[in-house]
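Both of the next two complexes hold subunit A, though its partner changes from subunit B to subunit C.
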Partner chain A sequence: MRLLTYHFLQCPKTKTFPLLLEPTQVETIETEYNKEFILRMIPRLDWNLVRQVSKQFAFGELPPVAPHNDTTDEETLRLLHKLLLETHIKEGVLKSQDGTIYPIKDGIPNMLITQVNQDE
Partner chain B sequence: MSRPEYLAPPEIYYNDQEAKKYLTSTRMNEIQRSLTERALELLCLPADQKCLLLDLGCGSGLSGDVITENGHEWVGFDISQAMLDAACTRDVEGDLVLLDLGQGLALRTGTFDGAISVSAIQWLCNADKTCDEPRKRLAVFFSTLYACLIRGARAVLQFYPDSSDQIDLLLGAARKAGFSGGLVVDFPNSTRAKKYYLCLTAGPPSISSGLVEDKKTKHRKTKNTVSLRSKILAKKERQRRQGRQVRPDSKYTGRKRSGKLR
Partner chain C sequence: MRLWQIEELLKDIKSFEKPDVYLEQYATPPHIAAYLVHIAENSFGDLQGKLVADLGCGTGMLCAALLYLESSYIVGVDVDDSALAIAKENCATWNQVDFVHSDISKLAVKSVFDTVVMNPPFGTRRKGVDVVFLEKAIELTRPGGVVYSLHKTCTRNYLQKKIQQWKCEGEVLGKFLFNLSKTFAFHKKESMDIEVDLWRLKK
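So, the complex of A and B:
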């Protein structure tokens, strides 16, 4: 799962956002940089969470305000591309605020509600 | 036509063996590919723009490959672990999430540019467990789908309905969630090649939303300028000229009978 998808996921049971990400295995797969796509994704992201995740994954500090459409800050956009589209979570868990745990196995988060209940 | 959704719930039906079929069968690949290509065509995405799409019931990611080839990013949902594992072995580009569509999409609002689905949503019309109610599951599915799409985005869902009731059920559920749009039927004259696509737009209908709104143009009845009595009198006169036996005209001619005699 790329971090971009993580930024869009919420708890299916309580509908809370964000889920707490605890990765145990992370992989980087390089992809083609597309500035336009990154710019279009920025308004859909929770910028505070992006900054937090950036720190968590040691990508460094991001500006306090999300870049606008006509930004010249190429460096930040490159960083976002690396963070959101090239960083894959292979193994780990997603934790909801109510304590439910959604495991990520082989890059696939398991968001089934019933199965999670049975595991408990 | 065989109906796998009557055999077992999807998470059980699509086991390792079934997933392997999708990996090896070129015929299945071809069908999935052509269905996806048609669905993308109906999605009417803006040209030369990389979009973020949802693939509902992505399975082994055959449909996802077509999306990638068209230069878009995608996130796929499926309920079958075996199918997702098959997708992993194929090294698909998109992200995969194990999720029951009937429990709702665990996504934030306004995040996706569109959604496609190939042969998946007919599974939602079945109750596999006693606690399942298809109507409720469909309502949850369509309302969460509506929420996660950006306004004006489209969703094209290809499915195999087993009856016209099922089509009505799906259309009704989609409409209740706020979608506008309708059904596109390809090859309507052929029983085997006939394909149904539910084309939905999140938000108000536009001219291009594929919906043919039957606007009720009010045909106001033009008032009869000629009264009934004068019509009858003219008719009687005509018949008299023809030499037939006609009752004489009176003040009661052309009147309705009173209540007693009716």
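So, the complex of A and C:
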């Protein structure tokens, strides 16, 4: 699961957002930079969460306000590309505010609402 | 890419090992998957460069078709993790697909997708599940986004009403014969053809 997908997932039980991401294995896979796509994704993101995740994954501080369509801040866009499209969570967990845990195994988050998930 | 070229490429997609009848797991026939993505891109420009979801992706037939049409980012969702493992293999040469293990009716994702494509269960085993998928697809689509979905032709009038209730625009782009093998056919027939519509809905 790449970090862009993480930015869209809500808790299936409570519909709350965001889930808390606790990775145990992270992988970087390079992919072609697509500026237009990044620009189109920015308005769909919770910018405060992006900034927080950027720090969590040691990508550093992002500007307090999300870049606009006509931005010249290529550095931030490149960083967003690396953060959102090239950072893969291979193993870890997503935690909901109500304590429910959704495991990420082999890169696939398990969002099933099961007894096991509730009891952990 | 031409329609027949997409179809040829999709013939290599690995299908279900043990199809689950309850989940109505049949792979989308390559010619139908190819037609869906071909018309979506070439008539409407709904795929290339887009953020796309595939609900009930199974072993990833439509995900692979989307990759040939150069969608930028694809999220495939399915309730069956063994199908997802095969889907991952089928899409392994690309780096644009994420998979999520979830029940479609319980799926909680923001309304961010440009386009949702799917071949949902027809609702022959669980009545109404086709409409549950369609409603979820619309929920996940951003305003102005579109949904491509396959439904039994006999549900056309019913769906038309539902689509109006949801305040969407809908049109049927084509009709196919869908061959269901013995596993899914009723009355022990070897196989059975059913008529299926390809819908395009605009949110």
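Throughout what follows, the second predicted complex is superposed on the first by the 114 of 120 C-alpha atoms of A that agree within 3 Å, B and C clash if a C-alpha of one lies under 4 Å from a C-alpha of the other, contacts with A are read in each partner's own complex, and residues count from 1 in each chain.
In this section, a contact is a pair of C-beta atoms (placed from the backbone, for glycine too) under 8 Å apart; a residue touches a chain by one contact, two chains touch by 3 or more.
Everything numeric here is computed off the predicted structure, so don't read it as measured data.
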Where subunit A meets both subunit C and subunit B, residue numbers: 1-2, 4-5, 8-12, 17, 34, 36-37, 40-41, 44, 85, 107-113
Subunit A to subunit C touching residues, read off their complex: 1-2, 4-5, 8-12, 15, 17, 29, 31, 34, 36-37, 40-41, 44, 85, 107-113
Partner subunit A, residues of subunit B touching it in the complex: 49-50, 52, 73, 75, 79, 81, 84-85, 88, 95-100, 103-108, 110-112, 148, 150
Subunit B contact footprint on subunit A (complex, rising order): 1-2, 4-5, 8-12, 17, 34, 36-37, 40-41, 44, 85, 106-114
Contacting residues of subunit C [partner subunit A, same complex]: 49, 51, 72-73, 75, 79, 81, 84, 88, 95-96, 98-103, 106-110, 112, 142
